[in-house]
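Heads up, the next two complexes both have chain A, just with different partners, chain B and then chain C.
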Partner chain A sequence: MRRLLFLLGALTVTALLAGGMAGAATKNVVIGFTASQTGKLNVEAIRQINGLNLWIEQVNEAGGVKLPDGTVLKFQAKFYDDESKKERVQELYTKLINQDKADFLISPYSSGLADAAAVIAQQYNRILISAGAASDSTYKKGYTLIFQVYTPASRYLTGALDLLAKMDPAAKKLAIIHEKDKFSTDVVEALKKYAEGKGYQVGLYEGYEPGTTDFAPFINKIPAGTDAILGGGHFADTSTFAKQLHEKGIKAKMVALLVAPPEPKFAELGEAAVGVIGPSQWEPLATTYNKDTAQKLNLPFVGPSVEEFNKAYQAKYKETPSYHSAGGYVAGLLLGEAIKQAGSTDTAKVKEALDKMDLLTFYGRLKFDTAKDHGLQIGHEMIYTQWQKDAQGKLVNQIVWPEAFRTAEAKLYRQ
Partner chain B sequence: MFGQLLSSLTDGLLLGFVYGLAAMGLSLIWGVMTVINLAHGPVIALGMFTAYLLFTQAGVNPYLALLPVAVLGMVMGLVIYGVAVHRVLNAPHLSTLLATFAVNMIIIGVGTAVFTTSPHNIDYSLGSFSAGPLTVPFTRVVAALAAMAATALLYLFLYFTRPGKAIRAVANNRMAAELMGISSTTMLALSFGLGTLLACLAGGLIATFFPFTILSGGPYELKSFVICVLGGLGNPLGALLGGLLLGGLEGLVPAFMPVSWVPVVEFGLFVLVLLVRPQGLLGAK
Partner chain C sequence: MRPWARLGFWLPLAAVFVWGLVVLLIGEDTLRETTFTLMMFVGMASSLNILLGYTGYVSFGHIVFFGLGGYFGFYLLSQQGLWLLPAAVGGGLLSGVLAGLLGLAVLRLRGAYFALATIGINEAARAFVSNFGPFGGATGLFVNFQAYQAYGGAGPALWTTFTYLWLVTLAVLLVSALVQGSRFGLGLMAIREDEDAAMVMGVAAPRAKTIAFMLSAFFPGIIGTLYFFKNGNVEPGDAFQLHMSIEALVMIMLGGQGTVAGPALGAVVYQGLRGYLLTSPLFKSLHLAMAGLFLLLIVLFVPAGAVGWLRHRFPRLRKVLT
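Up next is the complex of A and B:
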C-alpha cells in the first residue's frame, strides 16, 4: 500500500513537472477583434483583416516572439462579424475577453465602432490597438489602453489644401459635403478650421446621413465658381458621391474625398474616378519609409520593407494592398514589437512599452501621445493620391502629395 | 440661385416619376383589395437584386433585365397572394397587415442571409445631357420615361381591357361582380401580382442609378404611403401625380434648408393631407 502511494505521488510530481515545462515552452496569445464582413463597411474591414492575418502568419512561421524567460509566443486571431453595428461590437468584445480569453485586442474598422470597443477594452484592462479608426475624439476621453495606428482625422484632409495652394494659388472657394458620422465629422471640422485660417471661403458645408444614395440634392447646392469639393465618408457612400459628381458634369479644380479613392476597387468607377484625390494612410508605391530613412531620423526600423510587404500580401491574397491592408498588418507588428520590448504579455508592461514606442515601419513613423490625448497617433503622416490615366489610358493611382513621395504631378479635376 | 433651383427641381421631378411607379403598385393593391401590402419595400428590393444579378452574372443590359424583373414581380405577387393574403382577405385589417408584414420579414431575413447588408451597385452609365445650368444623367431620364410608359399601360389595361374592367368591378363591389360571373379570387390575385410587378419594375429602374441593399426598399415603401394618401388610391394617374408632387418637394426643400429636413416636410404633408383631404387628389369621392 505504501509503495502504491509512493508510486502515485511520484507520478503526480512527474506530471506537474512535465506540465510546467510544457507551459514554459510555448504560449498562445489570442488577439481578439470584430470586423465588418457584412454591412456598409465591408470593403475596408476585410482588407484590414487580411493585413493582420498576414502578420500573424509571418510571425508564427518565423518562430514567434521569444520572451526573456524562454517562453515562445505564438499568435492566434479570434474574430466575429460585427455587421457594422455598435451594439454588436460591445457584445462581441465582451465575449472575446470573457469567453475567448483574448490577451490583446485590435479595433473594429471605423471610428464609431472603435469607440464602442474602446470603452470595453479599458473597462476590462485590455490593450486595444486601433486601426481603421482615425477619429481624434476617442483619445480625449481619458483612456490609457487604446493606441492609434492611423493618422488622426484632424490631419486627414488638411494636406489636400496645401496641395490645392500649390496647384492653383488663386483657388479660394470650397464646398464641404460629408457623411454625418464620427470620423468624417472630425475630419471636416478640422478641415474647415484650417481652411478658414488659410483664408479660404467655405461656400457650402453640409452633412449627409450614413446610407445616403442620392447626392444630387447636395451637388445642386454647390455654389457656382467653387474651386474644390472635399468630404465624403466611407467607401460605399463616397464612391456613389464621386460617381454622381461626374454624372452631373461638375467642374472644379480639385475633388478630394475620404476613404474610397485609395482603394483599388475605386477604379471600377471608370471615368468617374479620373482626377479624384484621396487621402491615404499608406500607399504601395510609397517607398520612402525604409532603413535609410530610419537611420537619418535615428529611429529603429521594424518589420518588412514596402517591397517585401507588397510581395507577401499579393502572393497570399491575389490583390493589391491598400492602406486598410497595411493598417491591419502594422497593428499586429506594433503589438508584437511592444510585447518583445516589454518582455511580457502583462497589460501594464506592454502599455509602458507602447507609451515609449517611437519607430519607423514600411507604413511610416509610429509614436503615441502620452499626455492629454493619450494613445493618439502623433508620428504618422498622410499621403494624397490621385487617379490618373497613364499613356495607355489605364487608370493608375498616383501619389501626388507630399512632394517627397510624389510619383506624378497632380492634375486639375475638370475645367 | 435660379440655376440651382432649376437643377434641384428637375432632379426631384425625374425621381418623382419613379416614386410614382413604386407607389402605383401599393396603391393598386390598397385600392382594389383594401389590403395594405407591408411587403412592398422588400419586393422593390428584390426587383433591384434581380436586375443586379442578371447584369453581373449573365451580362444582361439592365433595361432588358426589366422584362424578367416584371415577370418575377408578377409571379411573386401571385405566390404572396396565394400563400399569405387569400385566407385572411375577409378577416379584420390587422390580419392582412400581419400577413404582409410576415412576408416582409421573411424576404428581408432570407435576403440578408443571401446578400448580407453590403451595398451593391449596377455599374452602368448612359452619360449625361447638359443644357445651361442643367445636367441630367440619362439613366434618370430613362427611368422617368419608363415610369410614364408603365403608367400609360396600366391605365389602358384597367380602363380598356376586359380583365382590367373586371378588376375595377371587383374593387367597386365584389359581391355584385361575382354575381356577374367574375371570379373575384382570380381578379384579386391578378391585381396583387400587378402591384408587385410595378414594385419590382421600380426597383429595377432605381438600381440603374443608386446603390442598394436588401433593406433599400424601405424608404421607397414609406414614400409610397405618402404618395397613396396624396394621390388617392387605385388610380394610376393619382400615384404618378403624387409621386411628382413628392419628387418636386424633394427638389425644392434642399434649395432652402438642409437636405435632412426633407423627411420632416414629407411626413408633415402626409398628415396635412390626411386632415384636409383624406381621399387624396384623385381619389374616389
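Up next is the complex of A and C:
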C-alpha cells in the first residue's frame, strides 16, 4: 500500500512537473526576409540586417518575449540574398513562408523589391513590416497586412522647404534634379506640389537615369539665381551629384538631397559634403526621442534609449548606426511589441495590435494609417541633417530641422 | 519527312508538358514559384533562339520585347480592365509588330553592327517608358490587390498565371520546332551559314529574317505581361534589364544554339544552378562566383553547348535531339 502511494505520489509530481514545463515551453518565431547582400543596394541593405540582427540578439538574451499562457518566444532570422533583383524576390518569399515556415516577414530594402514581396505576404496571410521602403503607392493597393516603418516618400523633402522658409524667407527659386526611379520620383512629385502650394517657383525640374555618373548637363541647366537645389536619388548617384555641384562651384542657399547625406560614408566627400542637407528617418544624435518626450506627448515609450541603441550597435558592428540600421532594429522591436500586446503570434491578433499601436521609440513615433491607405506610416517625422565643420575643422553631421530636435543652426550652402 | 514525324520534335514538348503538369498536380506553392522563374527563362531563351539559333543574328535587345510588350499588356490589364489572357496576347502582338518595324531598320545590319544596334534599342526603350505618361513614367503602373479577386483570389491568380506561362512555353517550343523543320527554317539556317549565298540561291533574306524576328519577339511580350501581373507592378528599371538579355544568350550557348531542346535545357540548368547556389547555406555568398566559373568551363570546353556536344559525340542521338 505504501509502495502504491509512493508510486502515485511520484506520478503526480512528474505530471505536475511535465505540465509546468509544457507551460513554459519555448517557441521559435522565424522572421523571414531577403536582403540585397550583393547588387547595387547592398550598403543600405546590410545596415538594415545588422539592425534587425541586433534586436534579435538582444531580445533573445533578455529571455525572449513571454506570452500570457507562459510560452516564451525566441526569435530567429532566416534570410536569402535577393541580389537586389526583383525576379528572385517572390520566389524567395514563397520559399520563406512555405519551406522555412517564417511566421513574420520583413521587407527587402527599397520600394520596388518591397512591393513584390508585399503581394506574397498578403497572399499567404503573413504580416510584413516594411523597413527601408518609403513609397506611398504600396499602401494604395488594398493590402491589410503590410506595415511601414519609414516616413513615406511624399514627406521626404517637404520639411526642407519649411527649413528654407525659416532660413531665408526671400528665397523663392528652386531647382529639382532627381533620379528617375519610383522612390525619388514619388518624393519630388510630392515636393513640387508642396512647393507650388507655398508659392515657390520650380525653375528646373529634371530627372536623370538611374546609374548616371556625369551630372554636368543637369548642373549646367540650373538657372541663375536659384536659391535651393533639391532632389537626388540613392547613395551612389547622389554622392556623385553632390561632389560635382561642389566642383562646379555652384552657389545656392540650400542643397538638400535624398538618402546619401545622412550616411556616415558621405563625409568621405570632404569639402563637397559641407553644407549639404539630407532628410533622415533617424539620427544617432536624435536623443530627444526619450521618455520625457513620450510623457509630454502622452505616449508609451518602448525599447532602448537612443544612447543605449548607439552603444550596443557600435559595440557589435564597430560603426556608427545610420537610419537604415535603426529602421532594421525598429522593425523587429515593433513586431516584438505587437506580439506582446496581442499575447499571441496569430496573424489577425498581431495585425489588430499593430493597427492600434501609437508609441514612441528611440527611432521616433510610430503609428499606422488604418483607413484608406492601410499600413502607411503617419506617426513618424523626418529629421534634416547638415554636414558642418566644427571648431577643429572636422566634419560633423548636425540636426538642423525640425526646430524642436535640432543640435545646430542650419547654415547657407555656398554664397 | 514531316518534322512532326520525328521523335526529336516531340521530346522537348513532352518534357515541358509533363513538367508543368506535375507541378500543377502536386500543387505546392514553393515548387510553383521556382518553376515559374525557370519556365520564364525557358520561354525567353527558346524564343530568342528562333532568331539567334536559326539565323545567327545575335540580339542583346531581346528583353525590350519582354519589357515593352509586358508594359503594354500590363497597361491593358490595369488601366483598361482587360482580362489577363487577352491583355497578354495584346502585349505579345505589340512586341511582334514592333519587331517587324524595327527589323526593317536594323536587320539590314550584320554581325557586330546588328548586336550593337540592339543594345541601343534597349536603352532607348527604357528612356522612352520612363518618360511616357500613360505607362506611369518613372513610377510605373500597379494593380490593386483586389484585382486578384477576379481570378478567385491571390492564390488561384498565381496558379492561373503559372498555367498560362506553361502554355506559352509549350507554344514557344512548338513554334521553334516547326520553324526548324520547315522550308522557312532551312532558309534561315542558310542565312546563318552564308547570307549572300542564301540570297543567290533564292532565299528572300530580308523577309525571312523579319519574320523570324517577329516570331521571336511575340512570346516575350506575353511572358512579360504574365510576370508583371504576378509582381503586381511594373517599373522601367525592372522591365529593361540588360542582364536578362545576356543571361538568355548564355542559356542558349549553354544548351546549344540552333536546337529546340538546347535553349530549354540551358535555361533550366543555368537558372536551376543559380537558384540552388542562392539558397544553399554553403554557397550563399559565393553563388555568383560559382556560376561564373561553371560558365567559363562550359564555354571553354563545350562551345557547341550541351545538346550540340551530345549530337556530335553520339550520332545516333541526332534523331532524338533536335
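Note that in this section the second predicted complex is superposed on the first by the 391 of 415 C-alpha atoms of A that agree within 3 Å, B and C clash if a C-alpha of one lies under 4 Å from a C-alpha of the other, contacts with A are read in each partner's own complex, and residues count from 1 in each chain.
In this text, contacts are C-beta pairs under 8 Å (C-beta built on N, C-alpha and C of every residue); 3 or more make two chains touch, one makes a residue touch a chain.
Computed from a predicted model, the values in this text were never measured in an experiment.
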| field | chain B versus chain C as contact partner of A:83, first or second or both or neither | value | both
| request: Go through the superposed model and pick first if A:112 touches only chain B, second if only chain C, both, or neither. | output: second
| query | Touch check for A:206: first (chain B), second (chain C), both, or neither? | reply | first
| Does the superposition put A:170 against chain B (first), chain C (second), both, or neither? | neither
| task | Give one of first, second, both or neither to describe whether A:62 is in contact with chain B, with chain C, with both, or with none. | result | neither
| query | Which partner, chain B or chain C, touches the larger number of chain A residues? | reply | C
| field | Partner chain(s) touched by A:247 [first = chain B, second = chain C, both, neither] | value | first
| Once the shared chain is lined up, is A:216 touching chain B (first), chain C (second), both, or neither of them? | first
| message | Using the superposition on chain A as set up above, list the residues of chain A that contact both chain B and chain C. | response | 37-38, 83, 207, 209
| In their complex, what parts of chain A are in touch with chain B? | 37-40, 42, 83-84, 206-209, 213-214, 216-218, 220-221, 224, 236, 239-240, 244, 247-249, 268-270, 272
| said: Going by the contact rule set out above, which residues of chain A touch chain C in the complex? | reply: 37-38, 80-81, 83, 85-88, 90-92, 94-95, 97-99, 112, 115-116, 118-119, 122-124, 137, 140-143, 180-182, 184-186, 189, 207, 209-210
| query | Which residues, counting only chain B, touch chain A once they are in their complex? | reply | 3-4, 7-8, 11-12, 15, 116-119, 121, 123, 125, 128, 130, 135, 137, 139, 210-213, 216, 250-251, 254-255, 258-260, 262
| field | In the complex, chain C residues that touch chain A | value | 28-30, 32-34, 36-37, 40, 126-127, 130, 137-140, 142-146, 148, 154-155, 158, 227, 230-233, 235-238, 241, 244, 275, 278-279, 284-285, 287-288
